[in-house]
Each structure stands twice: as structure tokens, then as C-alpha cells.
Amino acid sequence: MSGTWGNKFQISIFGESHGEAVGITLCGIPAGLEIDMDFIKSELLRRAGGHDQFSTPRLEKDEFKFISGIFNGKASGSPICCIIPNTNVRSKDYDKIKNFMRPSHADYTAYIKYGGHADYRGGGHFSGRITAGLVVAGAIAKMYLKQKGISISGKVVTENLDEKILKAKADLDSVGGKVEIVAEGVPIGVGEPFFHSVESVMSQLLFSIPGVKGVEFGAGFALADMRGSEANDEFYIEDGQVKTRTNNAGGINGGISNGMPIVARVAFRPTTSIKKPQNTIDIKDMEPVTYAVEGRHDPCIARRGVVVAESAAAIALAELML
Amino acid sequence: MSGTWGNKFQISIFGESHGEAVGITLCGIPAGLEIDMDFIKSELLRRAGGHDQFSTPRLEKDEFKFISGIFNGKASGSPICCIIPNTNVRSKDYDKIKNFMRPSHADYTAYIKYGGHADYRGGGHFSGRITAGLVVAGAIAKMYLKQKGISISGKVVTENLDEKILKAKADLDSVGGKVEIVAEGVPIGVGEPFFHSVESVMSQLLFSIPGVKGVEFGAGFALADMRGSEANDEFYIEDGQVKTRTNNAGGINGGISNGMPIVARVAFRPTTSIKKPQNTIDIKDMEPVTYAVEGRHDPCIARRGVVVAESAAAIALAELML
Amino acid sequence: MSGTWGNKFQISIFGESHGEAVGITLCGIPAGLEIDMDFIKSELLRRAGGHDQFSTPRLEKDEFKFISGIFNGKASGSPICCIIPNTNVRSKDYDKIKNFMRPSHADYTAYIKYGGHADYRGGGHFSGRITAGLVVAGAIAKMYLKQKGISISGKVVTENLDEKILKAKADLDSVGGKVEIVAEGVPIGVGEPFFHSVESVMSQLLFSIPGVKGVEFGAGFALADMRGSEANDEFYIEDGQVKTRTNNAGGINGGISNGMPIVARVAFRPTTSIKKPQNTIDIKDMEPVTYAVEGRHDPCIARRGVVVAESAAAIALAELML
Amino acid sequence: MSGTWGNKFQISIFGESHGEAVGITLCGIPAGLEIDMDFIKSELLRRAGGHDQFSTPRLEKDEFKFISGIFNGKASGSPICCIIPNTNVRSKDYDKIKNFMRPSHADYTAYIKYGGHADYRGGGHFSGRITAGLVVAGAIAKMYLKQKGISISGKVVTENLDEKILKAKADLDSVGGKVEIVAEGVPIGVGEPFFHSVESVMSQLLFSIPGVKGVEFGAGFALADMRGSEANDEFYIEDGQVKTRTNNAGGINGGISNGMPIVARVAFRPTTSIKKPQNTIDIKDMEPVTYAVEGRHDPCIARRGVVVAESAAAIALAELML
């Protein structure tokens, strides 16, 4: 059940952080769509760390290779499989601490769920690295959406994030962040009431991203403190088009897009891996231990998370529009 | 695509607010589960309005009838279909305003999506009334979970809600609210990484509830402003059991339950239907109109939303545990 | 898992032979499709027994009632739920023999699978009566396909069937039969290679029909004894259209429709319920028993099976074309 | 939609005959299952051609490589991705005839469906070579089933097949064949009534295999000519176990396994590629052409199809049992 998602834009992810490769297979892209390799590359670069003082020193080259589904530079209509080999892997970092359950990591839950058989190196299949596949699929979804006149953009909306990151880094700590995604040009009528509402489908993918702990649309949680007269988005007509004066609903009424920009915000928790010593347990000895997580980690996943959240939103819209 | 959800605990909803009936079909419940009719009745009562000054005067009797899948008081193993006939329907309330697109309602998106063929009376299939079926399925999911030692509870966590409701009512307005759901006793290992994480599956259902615009788990959006050392939930051992000292992750690590209570919070927008005059459009004449929504409406859906959100959470957990 | 099928034309069946009702919910039909009630009625009549000497004396009136999804005579875009109440039920026929496992019936497998909780009366959820819901969904699928220029027809292709039925009836026995389904007007390009081939999707539904034990397309099993030069359907051009001179592939190449008629043949086993005494077991006493199945049974399900097989084919095509 | 199948044992195929590689991703295998690489190798060898006078001279080395999901020789619990690189590819064979629509091949339907964008070399994604991935997944499914005491075996049941093959080969022709699959040790209660019956799920996968045009269970099509008294499988008790004296139902009653061997038979059409000249069309010039298919082709796919059909059956059972 774990790795596959979607009915029309189907994705199937695989890979572990320190295994052979990570990757994704995607189905449903119309034959003939031109695949812009440079765009995929640039999207993967946005996701990769190691480019500045704000992110992990693990240089992820993310050299990707399509092994099916693309013919003469275009989608051929058959499943597209993309492989991103793992390089620059330092597995030794993890071996000695494999029984230490890192707080708020998936170490413990994976250990119990998979009976100790999961690949623990670098978080294995739970690693944020797996999202590289999502970014490839998201880039292709964006190409498809672009043809339909839709653009997806995202940015960090957490105040003073750069400053916070540098301070946290100095303290061997990490910080969280908030990301906003906007989809413009979505036609009226995308999404269904109830289980396949834009919110339902998009949130399922957004919550798939490791570290995401909150998702809201439009005014979101602020709506809980508003009155109807304030929250309702009044309709008006401009140049023969129906619009709303405000967009507290985030472009979605009754689960269906209303033609206004679709706006989602995502809360990323602080990176769980920190160099500061923490108390936890040794699962084998069932004893308390104190240790500082080693390895190369990003002090804030929200920044790299922008392109991943955009990808999730793009995939969700492609699924709903195909 | 619209009305069906789930792979193992499958639900299929149907009905319109002013049609014959609303209802649900559910599959996947193990044969032999005793079906407690009184409990279903009490859950539907929690959802129904008209009981006090805080809610709609539309008395929903919600008399339900199982027409399949229950034999000798127990789940027989075959699909369970429950019908809740619509009574106390005043369709005239809606006829005269059928071309007025109520702000933030689904009137406009449904009109465009279904080419004017949707049943517009009382919101049709977009009505909150459709959630009665979800509550029936949720009640049965709770019975299943109870057998596994799991309890689901919910409450409004919006400050001074009763006071706000009475004031808004006096102002012909409505208010939003926040609901917290807690699932206790969930074993370690429920959920999958990525697309079928507890967060992903639960949020898909929670965002299916009309009026929900935000979902967060554990400390949720507050995590965006926290540091890792503060947000991480340290593991410790007590009486041979692994626990965490805090529960900022809401009982979920890497998408998988960690044995701590699962905590979700849901933001309900204010009721879109308000008696206060609003500006909007007449979709047929494509002209601006001002009108006050008539009919019997609840000034705050969050209160009745508690049992619906509990139901969504229960269905999500049943899906992940079956 | 049991009662739901489809991604685009989703169906969800429910009901037991001697319960309150049988029925179906269907999603995915485009809003605005006119629903021809007389056609549904006539299709249900084709399925119902009791009309002549060849079929069961149990008169199934099959009065159906749509309780959602139809508004002003057209599909509204929301889930369509149809109920067919059970009338003319004689449950006493079954009570005394509830522990006798009728040979080749589902009595035994259901007893074990559902731990004795299944409704055993008249086959419960395993009854051929459940196919009434399929026929309703099939009738609506046919209306949708008709708009696209597609017609579905079926007939019994078993030699001398009427004669065989009368003889078998006289011998307190039953007979099998073969049914052929033809879909004309299917455009080129319907279906996918591999898991969602026309054959795969259609066979999944055809084998859902109680009593179906074989499905073949085009020349089918005869192809196993043919040579390539004989079996291959040569392409030629007529009036600017690509056609094939023969249709051994049954209109499907590589899982995809090629514009020729789609031809499927279905083998129905003889009715399992026969009045002739048979040896079997009493599951409670775990002892051999001999008994003759009482009640009103059809000596040949293949004849009533024609419309059910047509329905399955129509639903499969609707799923692949939506 | 095309490449993904299953809810619990999920598979996702990819690849083209003359592309980089073919492969499969599978999810749902319990963590800890030992992966027997030698068995996978031997299964792929059964599928590969070039070993004797009865099959294609294209030597398929089928060197496979797992790039995820296996850790220390065991299933880790995360998605298993297996790649089988394409070697020994002679694309030139196909270039000059790319506009010739080979009779009964998918050339024409793929050309229309994918607007000329499909990889036409060697059948592209429609090639039988894609079944190598199915065989890998099937081998792993067999390992899982073996642990549960279930064995799957298959054989050609077409009379004098070797003789027919040699004669056909001499005539530059091909022949069809019939394959029988038997699953022994399947516990009682596997499968569901209707859409997820053993027959429905198994047939969907069996019809996914290129060249399969018929599927039957138990006595299958012969049942159409039988009487109920002859076809019914009488139950009896032996050593405290319920058995049936005959197995005309192929081990399945009401869609559910009854403890007897599950028996399926599959009709493979003759290989469509034959060296004998055939009449067909040039799709670009829209003109008739006559040509003999070149390249290296198997005169009978049924023989190599045995292991593929076994794999499909094993995957179907794993899906229903997980």
C-alpha cells in the first residue's frame, strides 16, 4: 500500500537514502508532452542541499535518468520511470547508532512496524531524499499544467527565517518554517465534493512530505476565529468573469476550484536531526541513552520543502484534471 | 470518482439535502461485529441540529434504516447500506433564489461543474446533511476500534464559543471554530510512510467535511515557529513501555503511529449561510444582487462538526488497521 | 473490499436476497445525461424470472426507486443510488436447511469466511438477485455509451438451449449455457496495455457474475489451436477507414480497441440449485446428508444472464471511456 | 492508469522492449521475507527465449538488479524496485517498417491512442518482454505464498505442441497453445463475492498478459454444456476435512476459495509476428502493403507463457491474501 498514489496521474515511489537509488514511476501523462530536462534539473537543484550556509553540506548531485516512457524527448504514453542514483553516501555515520531511536524520527515506528528489517541507514525509505522522486513527478505535472495555463509557485512565509536558521545552526539546533503554495489559472470545476475535494487530494499529498504537520487552505485556521460576514468571499462580475473580492476560501468552494488562485499553506516541523545532545532510548538494550545526531543535516527543511510542496500540489492538480 | 473512499474500509456516500434520502454503503467491517443501534442513534443526535439555542431550528430526526449487511444484529460480512430519509424538508425556501450564488457556498462551482444539472435545493449533494452518512460509518468504525482498545474523542477548542455564537446569531451572522480529535490506544505501527501516512489518510477524510479549511497534527502550525530541541519528543521507557515525554508529533512519526495519543485539530470556517445581507451575483442574468440567505441554518457548524470529525478520524484509522 | 468497483464509473453494490432490498450506487455519470426509466424497467424485466416455462417461478417485480443523483429526469452529477426492494420473499424455504451446504453454492465458503454470520437465506449476498443492481448500472452505462454511438447486444449461443432446459426441468436438473456479447461503435483507442486492457477490465466484471466460469474474446480458446497466419486479422482500408478482414482478436489489439466490434463470450455453469437429490454435508453436525434443493430456481441462468453480461460489458466500457 | 495494479500487493510496471530497461516496483510484501535470488533467476530463465529449437533466438539474459526494498537479503518493508536492463537489442530491425501495422499487433491501436508518440521499436511497451517484470513480482509472490503452504504450478496442455511448433516454424508460421495453472494449499475463504472474486482478480491479471484471449476456471467452458447434477461438486468429509468429490468449480464457490486446488486455464493466441508474408497497411501512406515480419520471434508464446501465467496467478492470490 505504501508507495503508490493516484488514479489518473499515478505515481509509485521507491528507494532508500543509502541504497542504490531513489526514483519514481508515473503513469497518466498524455503522450506527446515535451519533457523539459533542464527544468527537471533545476527543480531537483532547488530541492538538493549543500548550496549555501542555510542547508545541509551533503551535496546531492541528483543526476537523474529516465529509463522508460520518454521517446524522442516526449512522453510516449507508457509509464515513465526515473532513477536518481545515490552518491556521496556515508553509511558509516549511521551504523554505530542504529539502535538509538532518534527523537521524532521514524526510527522507532519503522523498527516496530517492520520488525527490525527496515534499512536504517540515513532514515532508509523514510528519508527526505525520497522526495527527489516526487520533485521529478511534480516537474512533469507542472509541464502538463503549464499547457493548460496553470502555474504553481511557492515560497517560505515564515518571518526572519534566514536569521533563525543561522542562529539555530550556531546552537547545533534546527528550526521549522511555513510554506505557501499558490496555483494560478486553475479552471473552474476542478475537484469533487467530499473525498476528492481539492483540499482532500492536495492535503493527502502534502502530508506525505516528511516533516509536514499542518495544512490549511485560504485563510485556514484563521477562519476559526472569523465571522461569516467577514469570511465569505463575495462574488462579483468583472469583464464578464465571475470573481470573488476576497479569497478566504483559497479558491475552493465545496471542494471544487472557483477560478480564483488556489492557496495552501504548509507547516514544516524543525529538522528532527540535531547535533545538540538529546535523551532517548537504545531499542535493543531498552535503556536510556544521550546522544547528538551526527551526519550532515539541514538546519531547516522548510526551505528545500518549497519545491517539494509545489510538486505535491502540482501532482494533485494533475490527478484532478486528467 | 466523487462518492467512494477507501481500500479496506470502503465507504460510498449518496444523497441530497432535499431529495429522497441520504445514506452510505460501507464494506470491510469484519463479520460478527455487533452493531449497537443505540450508539448510532446517539451519534446522529450529536450531529443533528435543533436541540438548543446554539444550533439550527431545522429538526433533523435522522431516522436511519439499515437495508443490508446486518443479520441478527451483527455485521454479516457483506456491504452495509444505511438510508436516512429526508423529512422536514422545505424546498420552497430555495426555489426563488436558485440563481443567486451564495458567497463561499458550492452553488457557483457546482453550477459550472455540473452544467446547471445539480440539485440546488438546500445545497443538494454539497449539504452538510450528507455527513449523516459519515457519522453512521464513523459509529461503526468506532465499534470496530473499541474492540481493538481504541477510543476516539473530540471537543471544540475555540475559546468562548457559546458566547460568540449567541452574539453572532443576534447579528444575523455566524462564527467558525476549532475542533480537536484524540485517538487513544492506537497500537504502534499503524500507517505507512508517504501517501498512506496517518496524517495523509486522516486529512483526506477531514478535508472532506464541508467547511473544514485547516488540519494539523500534534503541535501543528506551532511547529513552524519551534526549534528542533523544543519540538522533538524524547523517548523514554516506563514500565517496559516506550513513551515520549511530549507529544508534539501528535502520536505520529514518519507517518506511523508511535503509541502515544493521536491528536488532530481541525479548523471549521463560519457557516456560509447568514441572514445578514450580502453582495453576490445572479448567475442567469449575470448581474449583481444583494440578498440575505433565508432558511434554517446553524450559526456555527464546528459544534456539530465534532462528531463528524471524530467519524472521519475513526474511518481513517479503521482503513489503516483493517 | 467486496462491493465496490471502478475508478471513473464507480459502482457499489449492496443487498441480500431475502433482506430489505438490493441496490447499487454509481458515480461518474456526466451531469445532464437523461435517465430513461422505461429502458431501465425493460432491462430489469429481461433479468427477472417467472415469465415463461424456461425460468424460475419466483416473480421478481423489481420495482426500483432512485433515491439520489437524478434531478429533473437527468443525472445531477452526484452519486446515483438505486434501491430495489425485495418482495415475494419466502424465507421459510431456507431456514430448515441452513446447515446443509448446497454443492457448488457459496454456502460453505461463506460459512467459513464469515464465521457463520452471513445471511444464509436464499444465498444472501451471493444470490444472483444482487445482479439486479448491476443491470441498473449497466442500463445507465448503455445510455451513456449510446450517446457516444456505441451499442451493446447479447445473445445465448448455446445450441438447442430451450429444448435442453425443458428436458432438464423434467429431470429436476439444470443446464449451463454460453452467452455472446458484442459492442459495436467503440472508437479506436479504448483500453490500456496490461492491467487495464479491455479484456482485463471486462473480464473482471464478467467473472463477477455468479455462475460465470469462462470468458474469451474474439476467437478465444479456439486461437490456442490456430496458426498465426490464420489467426492474424489483416488490416485493410475501406472508404478511408482502417478495418480488419477477420476479427479473431475480438476488436482488441494490445488491450486496446481497434474499431472492430468487441466480441466476448461467457460460459455460465448450470444452476447449482437443483431439485434432484444430491449428497452433501451438514456443516454443524459434520455429517453427510442427502437432500434436494427446494425453493424456486431457474433451470438455466444463462438466459437471464444475457442482460447481466451485457451490463457488465457496458460498465467496463464506460469505465474505460470516461 | 496503465501500469499499476493492486491494493495490497501493488505492482507498477515500466519499460520498453528496446529502451533502457524494463522493470517493476512492488509494495505490500511483509518485511522480513527472504528473497531467493536464485529462484528469481530460474523463473526469468523459464520466461526467456533462445534456449532450444522451440523458441526465439533472441537471447534474453535478463540480468536483474534490485535497487530498493531489499536489505540484508530480506524484504525491508519498503517498495521493491527491480530493473532488468535491455541488452542484445537490434533496433534497426524495426526502423524501416515502423509505418507497417503488423496484423493483430498493437502497432495500430498504439499509433492511434498515443498519436504516434509511442516507442514502436520491438513493440515498445506492448512487448512481451515487459512480462519479465511480472515474473519477478510473481517469483516474490510465490515466496510469500510458499510460507503460507501454497504452491503454484503450470504447464502447457495443448496436444502435440512441440510437433506443431516445429512444423509451424518450418512454414514461417506460429501456433497458439493452452496453459493450465494450479494453486494448491490455498486456504478456504480467499476472495470476495462479485468484483474481487478469485476469478475476477485472477482473470484481470491473466488477461494482462499479451496474447491471452481466453480464461476459464475449473471445467470452464465445458460447464456450458453440462447439467447441474453433473457439474455440481458434492461435498464430503474425509479425516475431518471438507472436500469435494469433483472439482468442476476449480476450487472456487461464490468467488471464494473452497480449499480444493484452484485450477485456471488460459488460451494463448499464436505469436502475431510471423515470417510468412501478410497483407496489411502503411499507416502513413494509408496504402496496402505486403510484408513478412523480420526480427527474432518465438513461434509459440504459450510455452514461455507458462511462467508468466503462474506469476499472474501468484500475484492475484497474494493480493487477495495480504
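Going in written order, the chains are labelled A, B, C and D, and every chain counts its residues from 1.
Throughout what follows, a contact is a pair of C-beta atoms (placed from the backbone, for glycine too) under 8 Å apart; a residue touches a chain by one contact, two chains touch by 3 or more.
Quick caveat, the model's predicted, so the values are computed rather than measured.
Where chain C touches chain D, over half of the residue numbers in use are shared by the two copies, so each contributes mostly the same positions.
A comparison of the A-B and A-C interfaces places the larger number of contacting C-beta pairs at A-B. Centre to centre, using the average C-alpha position, chain B and chain C are separated by 36 Å. Inter-chain centre distance (chain A to chain B, centres taken as mean C-alpha positions): 26 Å. Chain A and chain C, compared by their mean Cα positions, are separated by 44 Å. Counting only residues that touch two or more partner chains, chain D has 1-4, 7-8, 13, 78, 110, 113, 125, 193. The residues of chain A lying in touch with chain D in their complex are 1-4, 7-8, 10, 12-16, 19-23, 25, 27-28, 31-32, 65-69, 71-72, 74-81, 83, 110, 113-115, 117-119, 124-125.
Interface residues of chain D facing chain C in the complex, by the touch rule stated above, are 1-5, 7, 13, 101, 103-110, 112-113, 125-126, 130, 158, 168, 171, 173-178, 188-189, 192-197, 199-201, 203-205, 207-208, 210, 212-237, 240, 242, 244, 248-250, 253-258, 267-274, 276, 278-281, 283, 286-288, 302. Of all residues in chain D, only 7-8, 78, 193 touch chain B in the complex they form.
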